[in-house]
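Two complexes, one shared chain (subunit A), two partners (subunit B, subunit C).
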Partner chain A sequence: MSQIETFYEVMRRQGITRRSFMKYCSLTASALGLGPAFVPKIAHAMETKPRTPVIWVNGLECTCCSESFIRGAHPLAKDVVLSMISLDYSHVLMAAAGHAAEAALEEAIEKYKGNYILAVEGNPPLNEDGMFCIVGGKPFVEQLRHVAAGAKAIISWGACASYGCVQAASPNPTRATPVHKVITDKPIIKVPGCPPIAEVMTGVITYMLTFDRLPELDRQGRPAMFYGQRIHDKCYRRPHFDAGQFVEAWDDDNARKGYCLYKMGCKGPTTYNACSTVGWNEGTSFPIQSGHGCIGCSEDGFWDQGGFYNRLTNIKQFGVEANADQVGMAAAGVVGGAVAVHAAVSALKRAQKKTQDKVEG
Partner chain B sequence: MATPTTNIAAHEVAHDLAPEDLATVSRQTSIYVYEAPVRMWHWINAAAIVVLCITGYFIGSPLPSMQIGEATDQFVFGYIRFAHFAAGWILTIGFLGRIYWAFVGNHHARQLFYVPVWKLEFWREVIFEIRWYLFIAKAPKKYVGHNPLAQLAMFFFITLGVSFMIVTGMALYAEGAQQGSLTDTLFGWVHGLTWNSQRLHTLHHLGMWWIVIFMIVHIYVAIREDIMSRQSIVSTMISGHRTFKDDRED
Partner chain C sequence: MTPGFEGSFLGAADKISSLAIMECKICWTPYDPAMGDDTRQVMPGTAFLDLPDDWSCPGCSAPRAQFLVREDPGAPSAAVMAEMEARTKALVADFTEVFHSRMRDLPMVNQALHVQAVGFQPYEGGFLGVLVAPWFMNLVLLPGPERAVLKVGTKETVTFPSGAYEFMHAAREMVGPYMACALFSPMGDFTSQLQAVEVARAAMGELFRVENRAETDRAADIRALREAELAPVAEPDLAPSRRKLITGGLGE
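Moving on, here comes the complex of A and B:
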């Protein structure tokens, strides 16, 4: 594969018609929330720009991000996206293995120093000098630092790289640490989710290729176009939420009617992601649509927010697992009891003093 | 009441006045402590807090589902949330007004916003008040404003407690108001501290119980002091006048 080939040339070489290519450009523009005026811009970028080199590394993770990515439901994404970027190193997708793979990595770093995008799937564990995750005979954290040094920007794929995910769940025995806490001197874009939606992943890459810069990020460093609103804000069951019509049990009539899953612990109201608009698997469905609440997989520390099926989070700071209501009611009960006792003693004291005054007077 | 009178003519005296009461009646025994804006704020704030606690509880643990009509005709949870947000705004604006009044009002209006930690006398009186509540001190002291223990409680439960609830509440409100809204611009940074907004929900929820505990103690102590202390408490919240029950000093 010659590196000077443009995206368009790659697509044409793969037998994609210009008509399909233009369709792809307009679909991408709408996926990114851009107006029709941007379609020719995307097409132009695709026709003229050399493919951006991407190095994709994997730390502590389950590869669900890669799995999601290769299922890009976009009409052409499966074929195109892998050709759009020049994926120079990826455990999962590359043909080479062993020493050849590591040599390819070094070559890519050398060749594109300062120009490649580093995509990180998973995170480095820092305990025991990083021995909990070994890549090519060395701790992953070393590989990450090495590759990050020459990167133009870093994409943190998934909840692992963005926040830590399950391996960082309390008590986090391996000290799995999100990428932004290890690499602090590079622009990092977080694309959280377990996994992130395929179209979100391809959308972010396409944006970066088209405009040669990071998309607009929110406070936590997530692309605002996909993570700017909560699942709740665009949920098709929202009218039932406002009406106060909730599923009360998994097998009740309300569940069959498709009422709001708020009481069943749905984390839609606290989860920023595009599931309720983009959907999953070619827009077929998303968790709430299939009758299960959102588990908040694209939020920081989502494994540690109590049960997936509780509305109120259990807090462990008080020694026992209890939610805010149980803690508050216990505290209010103790204070209320103390007040009652104090009132009784006050009344007795007062009565005593009165009798005393009478005796003395 | 505001103007001291030393001589009371016979026709001004109520018919049920016993001769031994004449000395007390003829003396001014009240001080105007809480100006009208402070009193109004107190009751508006109290009402807002009651609405916020009840609706807030139901937002966390919704009522059983109701089948009044189709979802489009029914807005039960929406109204509960609306009441919560409306009361929240009233509480917030009221609190800002109260801060303003601390600057322009009398010196009692400032007592809510600071604790004179640097004054040894303050701590001595805090200890005295604790002794009074533990039934060790025989008689309470006279206070024109809040007693030091009350001032301490007010500061931590109301000044800090309500501030905490306003900041966290506005940050949660900003989620619905969306990015770029006024509340998001002013309070969105709070999400940068907690990240997962589920955590912020839990903190806000615990804050409610902090305020509920204050309410229990506040109402109990106000009634108890009204009966057992040497000055008025409950009526002072309505009229603004503090009346004293005896002529002894301190």
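Moving on, here comes the complex of A and C:
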């Protein structure tokens, strides 16, 4: 295993003075809400603690994932980027460009072989040998395979990397393919959404760094703590759904009263994401709260699931973590104690609050 | 003595009220305080507990302690149970009305099901149970008088042994304010009412079991660990002292 440098060593190597380093530490302290007394402690941690190298590659995408990520507030994205990981390669955030950038990528791969986390934003198109997306003069799919070979784990950011998103929508002329169908021999964690919520992105990455393992995943490979809950179940308009109070037309009286948007095509009942619990822009709002139905952007093939305003009709699913015996229960109509208990326990686990306010125990 | 499968009142005077109707566990002869007992010329209106000490079953002479409670309208729990029944009945009536007036022609509704309240039990002055309907299954908390009534859609966390659950405040005309936590919706995977009720009943049991806790994002744990990393490092005491100087550190 190659020696991983500490944050301080990297900064020194990049020609940053000790004075600037201490100034940075005091900025971090204020960003974390800590007093000036913490500055030397942060400096100490940064001088001694090795960071986890992260390589962030971009394929066919729109950069909305990066845009979302840098707006993370809990924990602060800049805290994550600057003090927990070393973002050794990222088109969007790195200062280097051109050959220097590609050289940095090769250097990082070589140096941290088997130890780095690969974050993929966007997906590779496979048609015409991948010529529809060229990075550094070569097809992106080649870069992806090359970088993935030495990765410890892969994070698929966004609907593009997880499921294909708009570029993979029918008829998919470039044959854009999600990452897990190209890289099959590495642990992949999907963080879908268009884009994913900032706090979910930083939450996933800090979890992986802190506990040095992937969080619990659902059957589709998404972190269960953020994608285990249906928008519909945690929606603040849910009481209106229960009571059969629906918006019947845009801007009608019921819309002003904030009734349920199911009849206006809301995809909340089939969408698993943390929007209705975590919210967007530091929890300010989320689509339903601003009066528009959920479009289901974190679900597989959401561009091919009919219009945004078509009412859901065929919704027969227990949820993404439905397993064989639940399906069996639905098919055969078995009424068995164990099967019922299993269904009940998964429903309860889904319903539980997933954000932790205080340390347990 | 452990009574085992005893069931009879065994002289536990504090457990029954003066209105309790008792029943012999051997020959099922009842004693109703409203009727008294002709055999021993006990006047109507005499509570079971006020019967003479040597009173025994008029039917089979079994001792007084061998009587069972048939019903006890005067017990404090009876009033609670009556209130619970009234409130769950209103709940079911209300949502049945919603079904007939607004939901029944929607495609997402499971026509095999009907509205039913399952497993309601007293909880913190209110009542907790599961409401099964053709379009949802919710944990429902009919709040007690001391729980604050908040705006419809406000979330409040209620903690059970299996974890913290976010309940949403809501209100209906017949039910009044209530709180609900969604378990299933839509209900397309249930093939029969029996099956839905079975799952609802299981949910009520599993709610109180610690092992059903799911993983959270552990944001607080992560923060605590990060702060511990930044915790002060034990600084060696560098201040010179007379003792250190003379003993060269050996006297410590």
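Quick notes on this structure:
Rule of thumb we're sticking to: the second predicted complex is superposed on the first by the 253 of 361 C-alpha atoms of A that agree within 3 Å, B and C clash if a C-alpha of one lies under 4 Å from a C-alpha of the other, contacts with A are read in each partner's own complex, and residues count from 1 in each chain.
One rule holds for everything that comes next: contacts are C-beta pairs under 8 Å (C-beta built on N, C-alpha and C of every residue); 3 or more make two chains touch, one makes a residue touch a chain.
On a predicted model such as this, the values are computed, not experimentally measured, just so you know.
More residues of subunit A are in touch with C than with the other of subunit B and subunit C.
Once chain A of one complex is fitted onto chain A of the other, the partner contacts of A:Lys41 are limited to subunit C, with no touch recorded for subunit B. By the document's definition of touching, neither partner reaches A:Phe21: not subunit B, not subunit C. In the superposed model, A:Phe286 makes contact with neither subunit B nor subunit C. Within the superposed three-chain model, A:Asp242 lies in touch with subunit B and with subunit C [touch as defined at top].
Applying the stated contact rule after C-alpha superposition, one finds that A:Trp157 touches neither subunit B nor subunit C. Within the superposed three-chain model, A:Tyr259 lies in touch with subunit B and out of touch with subunit C [touch as defined at top].
Once the two complexes are overlaid on the shared chain, A:Asp218 sits against subunit B while remaining clear of subunit C.
Look at A:Lys234: by the touch rule set out above, it reaches subunit C but stays clear of subunit B. By the touch criterion stated above, A:Lys267 is placed in contact with subunit B alone, subunit C being left untouched.
Once the two complexes are overlaid on chain A, the subunit A residues touched by subunit B in the first and by subunit C in the second are 224, 228, 230, 233, 239-246, 262, 269, 311-313, 315, 329, 335, 343, 345, 349-350.
For subunit A in complex with subunit B, the touching residues are 163, 218-220, 224, 228-230, 233, 239-246, 248, 254, 259, 262-263, 267, 269-270, 296, 299-302, 305, 311-313, 315, 323-325, 327-329, 331-332, 335-336, 339, 342-343, 345-346, 349-350.
Residues 95, 98-99, 101-103, 107-108, 133, 135-139, 152-155, 157, 162-166, 168-172, 180-186, 188-192, 194-195, 198-203, 205-207, 212-226, 229-233 of subunit C are the ones touching subunit A in the complex. By the touch rule above, subunit A contacts subunit C in their complex via residues 34, 38, 41-42, 44-45, 49, 74-75, 203, 206-207, 210-211, 215-216, 224-226, 228, 230, 232-234, 236-246, 258, 262, 269, 277, 311-318, 322, 326, 329-330, 333, 335, 337, 340-341, 343-345, 347-360. Those residues of subunit B lying in contact with subunit A across their complex are 57, 60-67, 71-72, 74-78, 80-81, 133, 135, 175-176, 178-179, 188-189, 191-192, 195-199, 201-202, 205-206, 208-209, 212-213, 216-217, 220, 224, 227-228.
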